[in-house]
Structures are given as C-alpha cells and as structure tokens.
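Presented sequentially are two complexes of chain A, the first with chain B as partner and the second with chain C.
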Partner chain A sequence: MAIRDLLNEDVIVSDMTARDKKSAIIELCHRLSERRPDLDQGRMVSVLLNRERLGSTGIGQGIAIPHGKLPEIDSLVTGFGRSREGVDFASMDDSPAHIFFVLFAPAGAARTHLDALARISQILQDEKVRQMLMEAEGPGDILKVIDDAEKRLEVS
Partner chain B sequence: MFEQEPAPTALLFVVFGVLMALSALFSRTAQRAGIPVVLVFLVIGMIAGTERLTGLRFEDYGFAFRIGMAALVLILFDGGLNTPMVSVRQGVRPAAILATLGVIATAGLVAVAAHLLGFSWGVALLLGAIVSSTDAAAVFAVLRGSGLHLKRRVSVTLEIESGSNDPMALILTMALASALVGGGDLSWVVAVEVLVQLTVGAALGFVFGFGGRWLLGWARLETGGLYPVLTIALALVAFGVPTLFLGSGFLAVYIAGVIMGNGPIPYRSGLLRVHDSVAWMSQITMFLVLGLLITPSILLEVAWIGIVLALVLAVLARPLVVVLSLLPFRYPWREVTYISWVGLRGAVPIILATIPVLLGVPGGEEIFHIVCAMVIVSTIVPGATVRWLTEKLGLISAEPPPPPAVLEIQSTQILDGEITSYYIDEASAACFARIGDLPFPKGSLALLIVRGKKLKAPRGDTMLRPGDHLYVFYRKEHLPFIQLLLGRSQEE
Partner chain C sequence: MHAIVVGGGQLGRSIADRLVREGNDVTVIDVDSEKLQEIAEHQDVRTILGRGSSPTVQAAAGIGSAELLLAVTGSDEVNVMACVMAGAASPATLKVARVRDVDYQSYVQMLERVGVRIDLFINPERVVAERIKRVLAVPGASDVSVFADGRVLLVAYRVPVGHPAAGRTLADMGREKGLPRTLVVAVQRAGRLIVPRPTERLQIGDVAYLVVPADELKDLTAFLGLSVGPARRVFIHGGGTVGLVLARDLEREGMQVKIIEPDARRCARLSEELSRSVVLQGEGADWELLEEENVAGADAYISLTADQELNIFSSLLAKRLGARSVYALVDKPGYVALATAIGVDVPVSQRLSAVASILHFVRRGRILAAADFFEEEAEAIEIQAMETSRIVNRPLREVRLPRGALVGAIVRGGEVVVPRGDSVIRAGDRVILFAIREAVQQVERAVSVSLEYF
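Presenting the complex of A and B:
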C-alpha cells in the first residue's frame, strides 16, 4: 500500500488558515468530508481529538500526524495539510507544526494503521522532503513531492 | 534514671521515632477521611507537646525555625526535581504574578480584616504577610498524594506558585517584624529589597542548577548511594549561598531543583526516590516540631480570631487575588475557582510566625498561635473538600492509571537508551495490534506487558488490549515515533 495512492489533489489543503490545534483538525476534516460526503465531519474531528488526548501527534520538526480509527470505513482515508505560519499543536519539541498528514484506519486493521504511520513518518524524516513540501506551489506539486519521496524509499 | 547519657538521647529517639511512625501510619487513614496528612502530623506534635499530658516541654522557637527551614529547603528541592520543563513553560507567567503581586495583595487584604478585628496596623500587616504565601509542602502533598490527576494547567499553576511565593512572604515578614521591633518605618527600601532578593535568588538558582548538573555528570562516584548525598548537599548550598548574599534562597533552591530534574543526570530514578523520601521525612519532622511549639491553651484563646481571619482569607482575599491575577491569562472560571480554593496554607506561615517571637516583637506568641489556628482552619476546609471539588468542577484529567509494576534501568552513568511504559488506550493506534505488527525502529523492543496483576511476555502474536501497560526499550531519537504509535509515555 502506497501513501500516494491514498491522496489526491482534493484532500490537500496547501494553505491552512488555522493557528491552533482544534481548528487545524477541523479544517483538515472539513476538507476530507467535502471529498467524502459519506463521512461525518464531527465524528472525524472527535476521533482525532480523542487520540490527541493521549499525547500530541505532533512528532516534532514541524510534522503532525493526527490519526484514529473510524469503524465506518473499510480502507485507509488520508488527507494532507500545510500551514506556512505554523500551528500550535503542542508538539513534542514545542515547535509549531507545518506539515499535516491526517490518517483514518478502519477498526480491526491495526497493522495497516501502524504501517501507514510508519511509512508517513519515514517519508517525512528526510529534511529535503520537508523543505520541498514547504516550498511546493500547490496541491499538484505537493503530491509530486510525496510521490517522488515514496518512490525513492522503495528503491533504497 | 534517665539523667545520664546515653539515656536522655535514647529517650528522645524513642519518643521521636514513635511520633514519626505514628505520623506515617496515620497518613493513610487521614487521606481516606479527606483530612490533609500534614495536619495529622501537626496535631500529633501538638498533643505530644502538651505539658500536662506528656511532661514534654518544648519552647525553642529558634530550633524549630532552623528545622523548619531545613525541611522546607529539601521539600522545595524535591518539588523542583519533579517539575517537568513543559509545566514550567505553561505555568510560569501566571504563577509569577500570583507569587509576587498576589502575595502582597493577599497580605494587604488579610491585614485590613485583622485591623478591623482591633489589631494595630503594624501587627495586622505582619499577620497578613505571614499567611500570604501558599505552602508548597501542603499543595504538593494534596496534589500528588491524593492520587487525583488534575488538569495539567491547573496543577502546574498551583505548584509553581507555591514553589516560588515563599521568598516574597519571607521578605515581607522580615521587613515588617524588624520595623515593629526597631520602630523604623517601612519605605520604598522594601520594594528594592524584594527586587534584589528575587533577582539574585533566581540567578544563583540557575548557577547552582547547571553547576549541579555538570558536577553530577563529571563526578564518578563509587556507589549509587553517594549521589543523593551530593544532591542534598547541593540543595543546602543552593539555599545558603544566595541567602548570605541578599538573594532569596527559597527561590534559588527551587530553580536549581527544576534545572537538575530536567537535565541528564546519572542514577536518576534512585535519586528521585531518595529525595521523595527525604521530602516526606522533612515534612513529618517539620510539622511535628512546629506542633510541639503550640500551646493548646493559648491556641484556644485566640482560635476565634484565627477562624475569622482564615475564612476571610479563603472566601474573600484569595479568590479576589486569584481572579485579578489570572485575568490577563483568560483561564476558564472553573480553573480560577479551583486555584482560588486550593491555595493551601501550611508549614511556611507557621515557620514565618516564629520570626516575630525570635525578634522579640511584643505579642509574638499570640501572633504565632493565631497563625497556627489560621493554618489549621484553612487546611481543613479546602483540604477536606479538594477531592469533591476536583470531581465537581470536572478538572480530573484522563490520566491513565500507573502500572502496578515498574521496570527500569538503574545506572550511575548517563545512557542513551531508556525504558518507558505506555498505557494502551482504546484510541491508540497500537490497541488490538499484535506485538509483531508494531513497526518499531531498529534498536527498540517491547519488553513486558503488565495486564492487571499479570506480567506477560510480549511475543510476536500477543495482542495488545486496552488497559495494558507496555514497557518499551528505545533509543532517545526514536521517542517521538514510538509515542506516535503508542500514545503518551507515563514518565511525563
């Protein structure tokens, strides 16, 4: 399963307006629910906030990967967001978050869920990739950066 | 028969040992009944010190003052060691206002009430100053000992406030008591002195904190047992040196504790445990000794004044000061209510109340006993209601329960790997995952699952269930990723 296959331009928010954790999560879920009218925005928001309660998914270096389980889906659902100003996400290194991957996994798919988390953080581990994501023009560009980065991972 | 040594010493040991044991044993019962433990120690001391009952006579205010200061230094240092940097960042600004302007305002309001009760302005102000600081020991004990997990911002504000407001109260008390004795008047000099004390205290706190870190890392001691000796020594010096040079020793020792507790120090878990014990012992000793000073007959005579002033403090002065101080920080009203109510007074006022006696302020003993009555009332009332209020206001955080077993690495060296336990919550991505499916980075390993009272070996096909505690060995650089998979570690 590749992350790029789960993303498309419609679920990428390339200029987030939110500045705090809750509104960032709402903004990202709002975009997802526009694309997937079968998913309830309020449900998605509460699932993500429920996970944040255990500790921030802002893993530092400007990255946040809010995620959770959504019983009503049968395969992974992802979204992407970028904030140039940065969001106060209570990240582990206390710095603002700029790059967001939202991830929903079906219930009973712990392995897929964990693998996707690992893959996303692997892609974002490369400082150059993060920099290119920040400099990318729009959703199309962002998608291409992720695509290339993932391909490089597979080769190595 | 008891005249010749070592008999008197032995007798003293027996009496004090029994009192300490009683205090430790009673703490559990008291907690269940909702009475703050520290009060039990005070009452045991008071009963033991009643001359007619036990024949013990203890009137040494100077000795009690010294014991109290030593105990407070060790308690503050321990409090600092256990304060995570994240908390400091969150709570330092509101706490700083509460600990400075808040203390002055509280002292002023209590003084007005005392003046209305018929005290001269000098004595009224002195009374206000003595009870103006919340007590770190009492607040730490209530917050940590109750097993309640408060919402972080609330507990952080309370703890940092009480860790840092004693200097202000001490300075005010000294200045007012000296003015009463010397007949001198108060002037702007006090304001300057306050600034100097806080600045020097803070600066030296940083010096000793970082110096201590360096010293612990540099020293290669033969046995683990020597490390706590070094840290206790550091605490004493971190209090003493600033105090000798116009600085606030209390502030310095607290800051030094915070800095050392947040740094890479060897033998960490062992050190923290020793300091926890030392803090408890200090607390028991301090309250016992202060209890010994109390003469019940005098206490009863002035009790009504103490009760009235304590109520004014709890219902009027403290809430007003907290509401105003926290205004710029926009705390929700529930949190403001809570912080107002849990401004516990404890040993600090009692220790400060020995100062007028020591300096020979007229009516010093009366002041001492009024303060004792105030402390007792203002500890019983908020102390006994704290659990109820926490639940009522919905301020209990969803903190996971601690694991029933602890697995840790003990070393006198600073190592690059750590063992941490994670509570598996239903919302965690790893919940219902098999151990073999955890995409741990190389060099990390699941070591042990604690499920209820059972210890389970984590095998590849073992499934993680909600409520499990999972112990993981990892390298520091992998911590964020592990937390992403599992949730929050329980160390924080």
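Presenting the complex of A and C:
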C-alpha cells in the first residue's frame, strides 16, 4: 500500500501554529475532521492523547507518528503536518518534532496499519527526504516529496 | 506535559512537586499571593494569582495546552467549577476534582446531563479510610498494598526487639525450612529506604517490605510468629469525616467500634449516623477514659483528629496501655518517618494517599496499579508485559533493569510466581516491579510499549 494514496492536499497542514503536544494533536485532528465531517474531532484527539500517555510517538530526528484505533472507520485515515518552529512532543531524543504523520486504523484491521507505519518510518529514515519535507513550499510540494521518496523505495 | 494545579495548599503543593520531578511543566493557581510566593520560592513551577474557576485566569495559565487540570482547593464548589470551566475551554484536558462530599456521585450524574465530564473525583477521606481498612485486615502489618486484582500483596512489617529475624541475612533466612514464598523488596532503616541484597542483615526497628501471594499470606503470618487474627475491636479517636466514614465501614464488617470525640454536638451526630458503634464523649489523650474503656483489649487504636501532634501522642498513650496496634493520621512532611521511629505502628497520611491516587490516575494505561511507600521514596508498580518490551522472553538475571529496581512478582493467569534468576516474563504477564524514585521513570521506559502499539 502506498502512503501517497492515503494522503491528499486537504489533510496536510504545511505550517502548523501549535507549539505543544496537545495543541498540535488538536490542530491535526481539526484538519482531518474538516475533510471527514463524519469523524468526531474530540474523539480523535482523545484517542491520540491516550496513546501518547503510554509513551510518546515522537521517534526522534524531528519526527512524530501519532496513531491510534478508531472503531468507526473501515479503512486507514491519515494526516500530515509540518511545523517550522517545532513542537515539544516529549520525543525519545528530547528534540522538538517538525514532521507529523497522523494515522488512524479501524478496530479490527489486520496488519495494514503496521505496514503503513513501517512504510512511513522507512520513508522518513532518509535525511534528505526529511530536509526536503522541511523546505517544501506547500501541501502540493510535500505530497510530491513523499511520492518521489516512495517511488525510489520501490525501485531499489 | 503541561499540568495546571488549582489550589496551593498541602495537597496541591505535594502533587505539583511530584509532577515537576517527573519532568512536567506545572502552573499553580491560587487566590493567596503569600502562599504563591512561598511556592515560587521552593518549587520550580509557574504561579498565577487568581480564581482557579475563572476562564481568564485559566487562559493565562495556558489551559489550551494543558493535558491535565487538578482542582484541589479546600472547596468542593471551586474545584467542580474549575473543572466545568476547563471542560468548556478545553475538552481534551483531563480534569480531576477533589471533592469532600461523600455523595460525589450525584455531581457526576448532574454534570453528565449537561455534557461535562470530570475524569476523576478524588476524595482524600475515602482514600485514607480504604488504606486503614487494608492494613487492619493483615495482622502485624504497618502497610499493605494490593496488586493483580488482589492476588498479590505488598506487606510492610517492622522487626521488633527480640524478633528472631534480627541480625540474620536475607539469604540465610531464605534457606530456612517451611519458609513461605515471599520476597523482601525493600527495607526502611533509620529514615532511608534500601533495596536489599541477599547479604543484607535485618536490624531491630527495620521495616521490611515483602511481596507475597495473597492466598499464602496466612502461612507468612504464622511463619513470622504473628498468629493473631485480623482486628475485631477497634478504637477511633476523632469523629470527623474520616472517622465517621471508617466507623461506618468497620461496623458494617461486624467489628466492635468505639469512637472518642470531644465535641458534644458532633457526638450526637455520630450516634445518629452510626448504628452499633459506641460513641464516647471525651479526650483521646485521657488516660483514665482509655483505661476505663479497656483500650488494653483493643486490636487497633486509630487517632484521626485534625491535630496531628495529638494523634501521635494519643496513639502512643494507647499503645502504652496495651492496644495491640496504633494508627495516627499525620500529614506534615517528615511526620510519617518520625511517627514510625517513635513507635506509631501505622502512620497514615491523607495527603500522601491522595497524591498517590492522583498520580496513579495520571499514569493509567501505562500502569495497572501503583503503591507509594515511605514518604514517596519508592514505588511499586504493576504493568502488563508487552510482546515488544525489553523485559520479556529471557531469564530475569539477563534482564537489565535500572539500579534500584527489581521484579517483585509475576502473575500469569491465576498463578503467582515469586521470581528467581531463572524466571522468565512472557508477553501478557502482569508484572509487579519495585523501584526507588530515581529509577521509576527508567523502569517505565524499559517496559513501555514500542511505536507500533495501537
């Protein structure tokens, strides 16, 4: 499954204003709920915050992958955010998070969400990709960076 | 995480202190500028002067970014109102209200009707009464905590003068025939807590913390020579909220309760509220009264007045007159250790118990149960071992836990394993870990879920 098929320009917040974990999660969920009015923003926020309480999904190097289960969806719901200033996300390496992948999985989904998670981390392992994501102009550019990175991954 | 504490009293300060030490940003709101100044001098928190229930004040405290709001002033109304306002301004913030009113369930129902959710109501009086009841049930214990739905107990025993355990090493005692399955996870000695090695010798006055499977507690009590039954005859000194709540519970369990209270009107109220308990009007530190009422035959004497020095004094007096085990309510920092040192068998602290419950709630999900010991120097936590955690599928002797941490018990299905070096933790097991404070966070990290946990 390709990450580019899960994202579109509408769910990308290219200049986040939040500076702390809770506000960042609210900002990202707000954007998702605009795109998906059938989903309740408050519920999405509390699912992600509850998962964060078990340990931060800030995996270091400026990346955070807030994720959780949402029984009311039947396929993956994803969002993306970029913060130029950085967000204090209690990350493992104590550095601020700049790149956010939000991932909601349906309750019973077998391993598709783990595949998506693995794929996202794979793409972001490349330092050049992270840099390009930070320098991208807007949502369109960001999508293109992800798309290109994914293609390179498939070729190699 | 950013947390807001409304109310800079003893409870507010204690909880703020703990949250700061665990690496959180804390803002304390209070209406008393002198109190705030003192807090700012001693603690690394931000302080804001004003009413905690005011939306303007909450906004200034950063309610938008706060993951947690704790309303712990002395007033139920202020606390509930602060949570209601916070709920309107920031629904995703977890909200905790301290409520004295025992009938707090009615708040929950009313508030839910208007769409407000307060995540936890904390009633320190109820919390401390529960703790006293747990200790009363275990003869000779000075503290008792429960894990794994009651299957595992952590029990503290003091080593009295002349006890055969004094002077012997743990390894030596471990070889003794007929020793029940148990593990000494900590020893409190002269105001300090140590994680003992097998070569450690127990000394008179030590308090040893033992992990024991609940259904083998009887064997342990017998082995320790404490072949007395659980408490039946109980004196309560002080008929305040805790005293009343406790007396009501104990008489329901069929115990004989005598309650001593100096205030005549309060005595009348107690007589109305209680059915079988004997209400005595008088002073707890009255030698003749205690003697006349046969405190010598009491299994426990529990002093719960608002006067902490009196609680210590009156419980020591009762002990002198022959009460088997004496309890004193002490809340001032340092008093718990002091009271223990001079002979109070069971010091109970409303403040520390409430702090422990609140922290447990804050960390729920990560941990299943927790117990604080000895002025918060150490903690026992219960977790469920995840497949992806570093502690599973290898013998314990190869599991690298931080210094000052050890595994106290492993619960798999209905079975309790008291661990040895070759024991192995499997995914899904419930594990009770003991850690001194410096190691608690590292322990949590060592057992934490990995990224792919949904």
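Please note the rule applied: the second predicted complex is superposed on the first by the 155 of 156 C-alpha atoms of A that agree within 3 Å, B and C clash if a C-alpha of one lies under 4 Å from a C-alpha of the other, contacts with A are read in each partner's own complex, and residues count from 1 in each chain.
Simple rule for what comes next: a contact is a pair of C-beta atoms (placed from the backbone, for glycine too) under 8 Å apart; a residue touches a chain by one contact, two chains touch by 3 or more.
Only a predicted model underlies this, so the values are computations on that prediction, with no experimental measurement involved.
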Touched partner set for A:K21, first chain B, second chain C, both or neither: second
Chain B versus chain C as contact partner of A:N50, first or second or both or neither: both
Contacts of A:K128 with chain B and chain C, given as first, second, both or neither: neither
Chain B versus chain C as contact partner of A:R84, first or second or both or neither: neither
Which of chain B and chain C A:G42 touches, first, second, both or neither: second
First, second, both or neither for A:D94, with chain B first and chain C second: first
Overlapping contact positions on chain A, where the chain C interface meets the chain B interface: 50-51, 53-55, 57, 59, 65, 67-69, 105, 113-114, 117-118, 121
Residues of chain A defined as touching chain B within the complex: 47, 50-51, 53-55, 57, 59-60, 65, 67-69, 92-94, 105, 108, 110-111, 113-115, 117-118, 121
Residues of chain C defined as touching chain A within the complex: 1-2, 64-67, 91-93, 363-366, 445, 448-449, 451-454
Of all residues in chain B, those that touch chain A in their complex: 86, 89, 398, 423, 425, 427-434, 437-439, 479-481, 483-485, 487-489, 492
Residues of chain A defined as touching chain C within the complex: 19-23, 25-26, 42, 45-46, 49-51, 53-55, 57, 59, 65, 67-69, 90, 105, 113-114, 117-118, 121
